[in-house]
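Each of the next two complexes has subunit A plus one more chain, namely subunit B in the first and subunit C in the second.
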Partner chain A sequence: MKSLLLEVYRRPLGRASLFVLIALYLGALFAGFLATQPVNSQDLAHTYHPPTPIVWHDGGLAVPDYRVVDKSGPRYERTGEYHRLRLLAPGFEYRLLGLLPLQRHLVQPVDPSAKVYLLGSDSTGRCVFSRLVYGSRVSLLIGLVGITITLFLGLLVGGLSGYFGGRIDFFAMRGVEFLMAIPSLYLLLALRSVLAPRFNSDQMFVVIVIILSLIGWAGAARVLRGMSLSLRRRQFVLAAESMGQSPLRILRLHILPNLASYLLVAATLSIPGYILGEAALSFLGLGIAEPASSWGLMLSQAQNIKIFMLNFWWLLTPGVAMFVTVIAFNLLGDVLRDIVDPRMKTQ
Partner chain B sequence: MPLLSVEDLRISFHQRDQTVEAVKGVSFALEAGRTLAIVGESGSGKSVTALSLTRLLPEPPNCRVTGAIRYQGRDVLGLDRRSLQALRGKEIAYVFQEPSSSLNPVFTVGAQIAEAVRLHLPEIKDVEAHVIRALEQVGIADAARRHTSYPHELSGGMQQRVMIAMALACRPKILVADEPTTALDVTIQKQIIDLLRDLKTSTGMSVILITHNFGIVRGFADDVAVMYRGLIVESGPTEEILSRPKHPYTQALIACIPRLGARQRRLATIDHAAIARALETKI
Partner chain C sequence: MLAFLLRRLLTLVPLLLGVTLLAFLLMWLAPGDFLTPMKMQRDIPADLIQQLEADFGLNRPWYVQYGYWLGNVLQLNLGYSWSFKVPVSDLIGSRLFSTFLLSLTSTLFAWVVAIPLGVLAAIYKDSIFDRVSSFLAYAALSIPEFFLALLAVWFAAVTGWFPVGGATSIEYDYLSAGGQFVDRLYHLILPTLVLGIGGVAGLMRVMRANFLDTIRAEYVQTARAKGVPEGVVMFKHVLRNALNPLISAFGFSFSGLLSGALIVEIVMNYPGLGNLIYQALLREDQFVVLASIMLSCVMLVLGNLVADLCLAWSDPRIRLENQE
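Presenting the complex of A and B:
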């Protein structure tokens, strides 16, 4: 395990994706510290505010001041004034890792009434950057939790049916095929409407994870069944059996460790599916709901034609974040696969 | 009472609507401390017979085993799963043909031997020392270091020694060696057979050697049973069978052993049609 990480680190692509992912997850963990404003503090006087660049002004960090020139647009222009910024300054209260109440933030304006929108504001004047870092919690966590449940189910069903074969195998695989035959988006929508008529966003998160895992495990089960079937025929399993080991011990000690490398690669490569799945649900208005924040939900706001016509490009940044995350996971998965199975290496 | 006795063993495999009878009524007995060689060509049913001794074959309905297998008077075919697992490895242990695939690639060899020891000899406290002793016993030099090697770091001969060490670590009463030397080159074959002979005399266990090679039977086995098409066609003390084979198949099989310095242009092969004719005239 340690040597695997080292091997990933030695490859440029692996190292880059590892750093990106670590940065993203740290960002999600310390979202409160990074955010400049609470996740849903609205300011209807500052809707669609453009991103405020951080500049060096008068011997300190500062953001330019803006004023509205056209309310219907709305359009802003700089006044030429600047608001002073302070690093590690006190601001709104949040809980670090959900436990420790704190007030320190990475940057805060000296004047509390000054507006800092690092990535602009949305249709109700909320800070896009703050919502982005808070929303990353949902998107990043959902992949990890989802893949854990999926692989657990896949391993349980696939591993056991491959190992024991016969009738167990037959019925398990027909069940899996049945599940795979249902178009997944409709299954997703159907499960969503059955499972969660009215939930708050924490409960909704759990529901989404369950729905996505229920859909995803079938494919994993089939692959794992095939692998455990072929391992079952290997002589070391017969040797273990001839030493008098029980089937469960053989599964745990001989089959599972031989599946581990595949599991690791499959997990890394399928996490993006969960991130995109959550985004799709939230985009359709069936996932995380306002006032909580998630990348898919933020993107659904950007559907508005006004965004494109008036060039409020900063509302598309959740899409960029999602893109970076997905690419990083895919590259890491590719690197892992190349290490674990060099024959699969793409030329 | 013999240590192990097999009476009228019949094994058949069923697949869809096809039935193959691999063993058609085999009987033999093994006394404590003796060595029995089961000799026969591929498909004669010798490996299946060996696997059936601790019921390692697939479960019914795919495979059916009838007859009687008695180990120390206990009926193996009637044992429940738990006593069967206690029998496997502890009383009857196996060494298989292909050492590289008999070892799990993801664990060190020491860990794999230790696993067997913990399973059957829970009273042993210092498992590592026991494992190292087991490896030394099979002639692995520097066992204290080698037991942390992974299977792929060892040569084929070393791997087979590890398999033998694993089989012997729990001090079984019977060792079933299923073509233990087939995957190895000739010099290593001799080393492994010599090792098995030494271990046999030092531990006093019984050995069932499954092979297609009469060459390694001489000087190793006390008794020989020749299997052909699911039947034991001839059996008896090794010297007698080798010097005065009665059955035409045995004669043909012995004629196949290449001899150094013999003036043969071609190696003998087995003419099955001729054997079948000879058998029919006999009947």
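Presenting the complex of A and C:
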């Protein structure tokens, strides 16, 4: 494990993607610290606010002050005044890692009535940057949780049916084929309409993870079955069997370690699927719901025609964040695969 | 050959039964039904709702409803859309055409662009062109489709060069046959690009890898050694063999396009099958959901079948009869 990490670190692409992912996950962990405003503090006087650049003014960091010149737009103009910013300053209260109540933030305006919109504001005057940081929690966590459940199910069903064969294998594989034959997006929609009304928006996260992994495990189970089927005929498994080891012990001690490298690569390469799946669901209004924040949900706002003309680009930042995350996971997966299995290298 | 076809088509029967049963169960488990929004309105008398419930058969247990539905389907009657007030077969027929058109153009686009690019990247391996195209393909594979669709809509709205949504213009019915054709094509350009880009990137990567694998094969060396011109080696020996794995991918892409187009159809407001299923699921318009899900399954199985047939046609070494 340690040597694998070192090997990844030694390759420039691996190192880059590792750094990007670590930065993203740190950002999600310390979302409250990075955010300039609470996740759903609305301000109807500052809707569609342009992004405020941080500038050096009068011997300190500051953001320019804006005033509305045309309410119907709304259009903003700089007043020429500046609001002082302070690093590590107290602001709204939040809980670090969900436990520790804190007030310190990375940047806060000295004057609490001043507004800092690093990426502008949306249709109800919420800070896009703060929502982006908070939203990353959903998007980044969903991949990890989803892939854990998927691989667990896949390993259980695939490993057992490959090892035991016979009737178990037959029924398990017919079930898997059935799941794979259903158009997954529609299954997703149908499952979500069944499960959704029984849960509130906080529990929705869990529901979505479960739905996504219920659909995803079939493919993994099939591959894992094939691998354990071929491992089963290898000499070391036969030797263990003839020594009278129990099937569970054989699975745990002899088969699982041989699947580990595949599991690692498959996990890394399929996390983007979960991130995109959640985003698509939320985008359609079927996933994480307001007032919580997620990247897909934020992007669905960009469909509003008014936003097209006002601050479209700033509302697209969740899309960019998603792109960066997905590409980092894909790169890391490719690098891992090259290390684990050099024959698979895509020239 | 015929036995193979029959066997593959027979697997459809349990599959369709299972999928429709699952869909029926899920819709039954989901709280509310098609009439729920009506029940919310105070000015609709209760006896009307009761009558509608009886008409739609919603007051019967779900297995009876399913039995009736199955009986009708076996008589080739797909039922009646409650929300659109037209027979489901008409509704799906019109939507299927739009989706099929979109699938066709985007698949064509993906193949026509990806194969030459992949071949060029393989022939000029490690050149600037290869590096740039590999990087772009990587990027294209990581962009969420709906994000791309949003950009396309924005582009259409800001420049005004393309229609913002839909499959036809308002005056479509008054156009001449040629005008209608051009109008449809014009509306297809952006959705095709959005749907096709992912396909281009994926196919290109596979094509390049296959081509590089085949170049190293011994028969290629033999061909070169006996003095076959380089162009003939590349196109007759390498390309034909490198294309094989892609042909089976063709069938899969055909089956995937139906559900893959869902989000793009919704964002770009394209009146296709995906859009229809989405709306029907939200409104619990039972028969539309069932029929379209059935159709998707059939497309999936047919797509895989077409893939196998194409593969057998392009590679004489493959014998269909020996497969499962």
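One rule holds in what follows: the second predicted complex is superposed on the first by the 344 of 347 C-alpha atoms of A that agree within 3 Å, B and C clash if a C-alpha of one lies under 4 Å from a C-alpha of the other, contacts with A are read in each partner's own complex, and residues count from 1 in each chain.
Keep this in mind: contacts are C-beta pairs under 8 Å (C-beta built on N, C-alpha and C of every residue); 3 or more make two chains touch, one makes a residue touch a chain.
These figures come from a predicted structure and were not determined experimentally.
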item	value
When subunit B and subunit C are modelled together on subunit A, clash or fit	fit
Subunit B versus subunit C as contact partner of A:V145, first or second or both or neither	neither
Which superposed partner A:L156 touches (first subunit B, second subunit C, both, neither)	neither
Residues of subunit A touched, compared between subunit B and subunit C (which is higher)	C
First (subunit B), second (subunit C), both or neither touched by A:L316	second
Partner chain(s) touched by A:L96 [first = subunit B, second = subunit C, both, neither]	neither
Partner chain(s) touched by A:V68 [first = subunit B, second = subunit C, both, neither]	neither
Touched partner set for A:A16, first subunit B, second subunit C, both or neither	neither
Computed vertex angle (subunit A) for partners subunit B and subunit C, CA, steps of 10°	80
Subunit B versus subunit C as contact partner of A:L185, first or second or both or neither	second
Touching partner for A:L29 - first (subunit B), second (subunit C), both, neither	neither
Closest approach of subunit C to subunit B (Cα atoms, Å)	14
Subunit A positions touched by subunit B in one structure and by subunit C in the second	none
Subunit A-touching residues of subunit B, taken from the complex the two chains share	54, 56, 59, 62, 81, 84-90, 93-94, 96-98, 101-107, 115-116, 119-120, 163, 166-167, 170
For the subunit C and subunit A complex, residues of the former touching the latter	15, 18-19, 22-23, 26-27, 29-32, 125, 138-139, 141-144, 146-147, 150-151, 153-154, 157-158, 205, 208-209, 212, 258-260, 262-263, 266-267, 274, 277-278, 281-282, 284, 289, 293, 296-297, 300-301
Touching residues (chain side subunit A, partner subunit B) in the complex	166, 234-236, 238-246, 253-254, 257-258, 260
Touch list for subunit A against partner subunit C, complex	178, 181-186, 189-191, 193-194, 197-198, 272, 276, 279-280, 283-284, 299, 302-303, 305, 308, 312, 316, 319, 322-323, 326-327, 330-331, 346-347
